[in-house]
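As written, the chains take the letters A, B, C, D, E and F, and residue 1 is the first residue of each chain.
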Amino acid sequence: MDPVFLTFILMLSIFLGFELISKVPSTLHTPLMSGSNAISGITLVGAIGSAGGGFGQLATVLGVGAVALATINVVGGYLVTDRMLAMFKKKEDGK
Amino acid sequence: MQLGVLKEAQPQENRAPMIPADAKKLVRLGAEVLVEAGCGLRAGFSDEDYAEAGATVRAERSAILAGADVILRLTRPSLDEVPALKSGAVHVSYLDPFNEPELIDALARQNVSAISMEMIPRSTRAQKMDALSSQGSLAGYVMVLKATTAAPTILPMMMTPAGTLKPATIFVIGAGVAGLQAIATAKRLGAKVVAFDTRSEVAEQVSSLGGKFLEIDLGETGSTKDGYAVQLTPEQLELQKQGQAKQIAESDIVITTAQLFGRKPPVLVTAEMVASMRAGSVIVDMAAESGGNVEGSIAGETVQVGGVTIIGDGNWANFVARDASQMYSANLFNLLDEFWDEEAKELRLDLDDDILKGCVITHGGEIVNETIRQLRS
Amino acid sequence: MNTLLLINLAYVVSAVLFIFGLKQLGSAATARRGNFISACGMLIAVVVTLLDQGIVDFRWIALGVAIGAVIGLLGARLIAMTAMPEMVALFNGFGGLASLLVGWAVLYEADHATFTLVTVALSILIGGLTFTGSMVAWGKLSETISSKPLQFAGQQFVNGLLVLTILAVAAVFITDQANAELLYALIALSFIFGVMAVMPIGGGDMPVVISLLNSYSGLAACAAGFAVNNIILIVSGSLVGASGIILTQIMCKAMNRSLANVLFSGFGTVKTSTTTIEGEINPIEAQDAYFILEAASSVVIVPGYGMAVAQAQHVVKELQELLEENGCEVVYGIHPVAGRMPGHMNVLLAEADVSYDLLLEMDEINTRMPNMDVAIVIGANDVVNPAAKEIEDSPIYGMPIISVDQAKTVFVLKRSMASGFAGIDNPLFFKENTRMLFGDARQSLTQVVREFE
Amino acid sequence: MNTLLLINLAYVVSAVLFIFGLKQLGSAATARRGNFISACGMLIAVVVTLLDQGIVDFRWIALGVAIGAVIGLLGARLIAMTAMPEMVALFNGFGGLASLLVGWAVLYEADHATFTLVTVALSILIGGLTFTGSMVAWGKLSETISSKPLQFAGQQFVNGLLVLTILAVAAVFITDQANAELLYALIALSFIFGVMAVMPIGGGDMPVVISLLNSYSGLAACAAGFAVNNIILIVSGSLVGASGIILTQIMCKAMNRSLANVLFSGFGTVKTSTTTIEGEINPIEAQDAYFILEAASSVVIVPGYGMAVAQAQHVVKELQELLEENGCEVVYGIHPVAGRMPGHMNVLLAEADVSYDLLLEMDEINTRMPNMDVAIVIGANDVVNPAAKEIEDSPIYGMPIISVDQAKTVFVLKRSMASGFAGIDNPLFFKENTRMLFGDARQSLTQVVREFE
Amino acid sequence: MDPVFLTFILMLSIFLGFELISKVPSTLHTPLMSGSNAISGITLVGAIGSAGGGFGQLATVLGVGAVALATINVVGGYLVTDRMLAMFKKKEDGK
Amino acid sequence: MQLGVLKEAQPQENRAPMIPADAKKLVRLGAEVLVEAGCGLRAGFSDEDYAEAGATVRAERSAILAGADVILRLTRPSLDEVPALKSGAVHVSYLDPFNEPELIDALARQNVSAISMEMIPRSTRAQKMDALSSQGSLAGYVMVLKATTAAPTILPMMMTPAGTLKPATIFVIGAGVAGLQAIATAKRLGAKVVAFDTRSEVAEQVSSLGGKFLEIDLGETGSTKDGYAVQLTPEQLELQKQGQAKQIAESDIVITTAQLFGRKPPVLVTAEMVASMRAGSVIVDMAAESGGNVEGSIAGETVQVGGVTIIGDGNWANFVARDASQMYSANLFNLLDEFWDEEAKELRLDLDDDILKGCVITHGGEIVNETIRQLRS
């Protein structure tokens, strides 16, 4: 049953993803890309399991690497996005 | 009740005070309408039209003058006509009460209730009777046409195989009823329109018609409670002239409509400014008849001053006599209708009414109008 | 069980926050808030994961998080505003690599069920190609490596071979229960594939590539989620994957390219054919026109008789205003003989209250044309016909025209391929940078205008 | 296991088809195809379910399907076109009842785990109230019962009691492991609740109620899905539930009511207060205005000085055309003193090329006003001020005005509550059928126009 | 894990439902309602399980009733929707 | 090469054939420009303006006539001026070649290359030299202004407190260059515009300007390859008259522009139709000078026929002389520029060119123009 549930979830998420991103003004393309890139850092959650799960040295090493990389993605991604969007704000206020 | 409609005496006046359609409405209200023969001819309405409308066409002017309870006309009566009027009659026409004290006295003496169409208040409720507005609006249109006809260029921009013709610039000074209509008409024809008025609230009205408002800082100006402009101080007038000079020099057509109700209009365009304009430019001085906003304008005439045409025709609405008659007639009808007693089928002047307070000048043998009375004392 | 339920409920919450965040990122007014909401979702997901009873050792996690956070923070803070896009590429690559590692680590954690192995292989493949692809993109954008498309003979063949090898290796890896050498081969192949896929694409197309790789890194996370059986990874990963694909397509449209064109222009032979083939026209839809206009910063509108026939002047004015609101400069190029009478265009544009200052004469607009992003030809034909310059025996040869063909992109709005007053064909319609928007000009413009939300 | 996988994959497919179907139902061009696609999804779901190895006896199923199909077919074919809405109510009720029965039947199938019991209770409650609610709605629409709202003293109290009872009974039912009497009580209560909920609502509001009940029947199916542990029921049920709620809200907006107002107007006391309280104004947004305009079949536009200030004439013309395309009749009511000079409105409307035939004089439009669905007052104030008729000491008392207040709905577009030229307050703004759309008239109208897709 | 999956699915479906139905022209309200009403007849799938599952007489009776009712909902719902939409078509063509 | 610009002889002609700005361009091309003193005065350009532009202002007309290699002017030369021309000179002006056989012969005899501005082909390429278009377009504007000034009503609709003024209806017969501009101008002023033309493709052009096209089924009509209308058969003309009668009776202003190139214009508005119009209506007959489309119109005059004003002024563009001069001058300049040899700095007439084939009438002592030659034979 699990894979079925997972497929359903996959299917629904994909549809939802499609519906969410429609008619975005082009000025927002880059921040949107960057923002959703940050979300893809969710792999951090998986990495934490590997790093802290005590599955042996190799898994831990891989896990820690994954945690570090994913964290870069998450932290850097959100911050960069925010910086970009802050810039928009300023430009609009400036007008 | 007998209403008498007189034919206008001046040969150049084409308008009629009452058109057949409105005469018919009056008849329906229960009035007896007497029309002087030939009254509407020059505005395009024959005596038969009036007869068909239910009015009685009478050739004898004196009979109407003497017999009618209400006299309807455009221009003020001549002094010698006044004694011919019935005592207690109502006389409705332009009166120019500020400048015609003798006439007013005569009317009072004759016990005539004289209503001055100029004095209808500029209130929202009275607008339908307001002949200054209706005729002024037509004047705005006519002035632009006159200026355009006199100009050696066309108004709109045209980008053609034979080069680009620049749009003409029209500068309208004074954006009251006539000025606004002038702005609208010039805009319609494709001109660039700039306008100025001392009342600051007018800026928005100008841009609402697509015109540009010329900003000149005159300090405190204002308008009377009736919406009329107050007179500027000499310093302010000087400021205004300076502010306008450049705009006038750059304009192809200047139209001045700056009147001050009941006073001599200010001179806004000096001879010097006229000279600064390009040859072929045109100036229309709406106020020429009452003294003029433009130095060098001559009432009733079109003159050339160093290549610049100055048009001072006056009585502008008269050039579109049919429409002007229709509107004046509607103003008169609305006035009568407002104060008509349907039971008694007669006109009843209630001097407590805001509108009548403003426009009835003489009544019961006296001058009853506040403004005119103050002027006298 | 209780913690597990709690964790999972928290995951639901963070998924909801991601969804809201993504939605709000799509509108300028709420984008910043959206980013914050999505960050909150991430925080919740990470924090509750730490509650998992399966986690026995926090030290290494803390170490990894600390390293990552510092690098991420510094990276995001210190880079110049102009270097943002390559930064996004870099981050994205790290995300992909992380997914690869997570998938890899699973091999030492759980049983090697076929399903798990499939997902592991997918995580590794997608994660790996995302990683190297992003690195190449970063290099091209930051000019660390040449931004020119790198192409060589037989490229297509090599790439085909690569794909086949990958498939084969992956298949054996799965059936062979995670053979270590094959694992390394798979990782290496995914890396090579990422490089091969992105190298042939020019620097100008990198934003699209990054967007696509971003979508991939979402899919990698999703695959990793299947591998570690974690639902939040699956949901967020597929959200990112799907929205990324859509975004990529939108961006392609805004660049007036198809995705295939972007990706495979390098794979195939260099396309030279289209320029020579006269007779190829490019019709587009109002929506595509919108995407291009939305991105333009200077637009010239060239009206002709068709605008008058369609009585499109009012909607033209509206379009002008919308473009101006969007920060775009709009002017009108008026050809002296446009229309059917002298000044025809002036009459109409004045009716629509277009400011006289915006009406440029032919000569003036022609000098500015090469700087124009888009020229919109509205029902004009003869007056923009390059035959007057190019075809010596044309009856209009020598007539000055408005050279719209020198603008970056030209839209021609007319109903058909019919000729104009002079009755001659128009080579403009066949130019490479010309897009035909067929239909009554007023209707077409109305549709474009409606696209502006 | 293999069949199960197959079945579940088929369910995924049918869910996808439902999603596509719903999406396409939202646009006129594709709606019919959407309905067909969704029907295909249903067919697939039903057919693969029959493959389920748990099913041992097909006869009864065949019987049930045959009966249902015949009734459904006849019902759908034979009813008059005008009776469609009540038919939908009827069908919807049957769907709800079916969910109730499915939930009930689960009691004889599986273990009585708490989770199962909760879901069974939910299926019964929601299914039951959907059933009787739909029946009442059907009755009201078909005039089988009085369509007047039925209200009585203490209604609020009775309803509160009912809700409490239901909660209590349901709680005991669940803890008490599906006591049979409580089961019947629950069913009865859900029936009663459905009746009580819909009886007090007037016939005119029935479409909204049906839409809401439709959403409930989706939720009932969803609850039944939890009960029988069937994922397709959950997915489709929640899709219908969610989209139904949204649809209900859209419909409420189109009727210019809040959902709470529709549902509880009967529960609360009859609201008489609003009419007497002068000083209550109803601001709305462009989108709401759109929904009302979209549904209107006659609209009068009353322009004033504000239209001139905002230079909104062109977008007014555009709105006119959009409304006309939508099958709506549009006229203009021109008050003689509107604006700041005689003929001010004419100048502007002629500029925007509004046909002279559409400009009606005050008297003419006033006689037609009571038949107008919507009057749009664009920057006019004094000329539509009912004080001229109603307030004897007003300075404009006696002036003829355009009586927009007699139209079904009045939109007033202005920037603030400021007064007009005459400087007097305007009671129109406080009338019950007046909606204020604040903002620059041109911007407001542009927003409304953009809402027309 | 099951309820978690189900909750996810519920959540995603609800969001998707919200996103799908936005800005529907009012002329389509009734057919849309009717069409989604037909989908809610999916309860038929559950009913089939009850009716044919052989869980005893009472369950079967209830199941058959449910099957019949749900079938009415499905068949009637789709057909009525189609009739309504066909009418639209005609009106448009007629113009 | 010497270009001579002559002052127009007729006192009522205000236009100048060349304006200073274009003279300057010619000087830049390397030409020597001689301008007769006072040439631009009435169009608003002084002799100093020309001198500043680099032209030589000469008072002696005869010197210019005799000396210049190219003579630039508006109206055709008088017969007695021809012998004064230099042999081999180019003479550019209106020529009216269909009606002036003697003049043409004289020019040929004098070995002058005479270019007729009327005969510039109506091709897309030649449009920038096409004076019929440029002057016709201005004529369309002027005719509407003249009609409007003469009308006793305003054109636009106005809904005012003093009643509603209906929009005036303008009927334009013949929607060529002038007719279209008339339509545009009348539309701008807010009139209801109806138009008719025998060429069916014009219907679209009329509606592209917001006018309504009057549909009359005349059977097969058509236009020449140059875009000119072909003459109607008598039956068709009758059909047209019937079809228009009602529209004319309902119109406030009728403007006729129906010319047939090189032929006498058809009578389209009969005396009966004039009589059917309301008093105060206005008719403008553009073709009055060449025979008239309107029965009762008098060339160069405004007459009243039973309350209807018929305007037959003619030379319409002259009323906006400055713009008309600018456009005509641009046409001339474009013509010279097109055939200017930059190396030799002189005008070179290549008679194989499509444009010159159309407009050069005499050259090398002969009549070279096909159309004119056919007319003779």
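Methods note: a residue touches a chain if its C-beta (ideal position, glycine included) is under 8 Å from a C-beta of that chain, and two chains touch if they have at least 3 such contacts.
What you are looking at is a predicted structure, and each value in this text was computed from that prediction instead of being measured.
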item	value
Shared interface partners, meaning chains that touch chain C and chain E	A, D
Which of B-D and B-C has more C-beta contact pairs	B-D
Per Cα centroids, the chain farthest from chain C	B
Interface sides of chain B and chain F: same vs different residues, half threshold	same
From chain D, the most remote chain by mean C-alpha position	F
Chain centre separation in whole Å, for chain D relative to chain A (CA means)	38
Rounded Å distance between chain D and chain E, as computed from the means of their C-alpha atoms	19
Residue list for chain B, restricted to those that touch at least two other chains	127-128, 133-134, 137, 156, 158, 160-163, 165, 188, 190, 210
Multi-chain contact residues (two or more partners), chain D	19, 231, 235, 311, 336-337, 342-343, 347, 350-351, 353, 453
Sequence positions of chain E contacting 2 or more other chains	1-3, 5-6, 8-9, 12-13, 15-16, 20
Category of the chain touch graph - line, ring, star, complete, other	other
Touching pairs among all chains present in the structure	A-C, A-D, A-E, B-C, B-D, B-F, C-D, C-E, C-F, D-E, D-F
Residue ranges of chain F touching chain C (in the complex, touch as defined)	123-125, 127-128, 133-134, 137, 140, 177, 180-181, 184, 187-188, 204-205, 207-210, 354
Chain F-facing residues of chain C, complex	305, 308-309, 311, 336-337, 339-344, 347-348, 350-351, 382, 395-399, 421-422
Chain D - residues contacting chain C, complex	311, 314-315, 317-318, 351-353, 450, 452-453
Residue ranges of chain D touching chain A (in the complex, touch as defined)	4-5, 8-9, 11-12, 15-16, 19, 231, 235
Residues on chain A engaged by chain C in the complex (per definition of touch)	2-3, 6, 9-10, 13-18, 20-56, 58-60, 62-89, 92
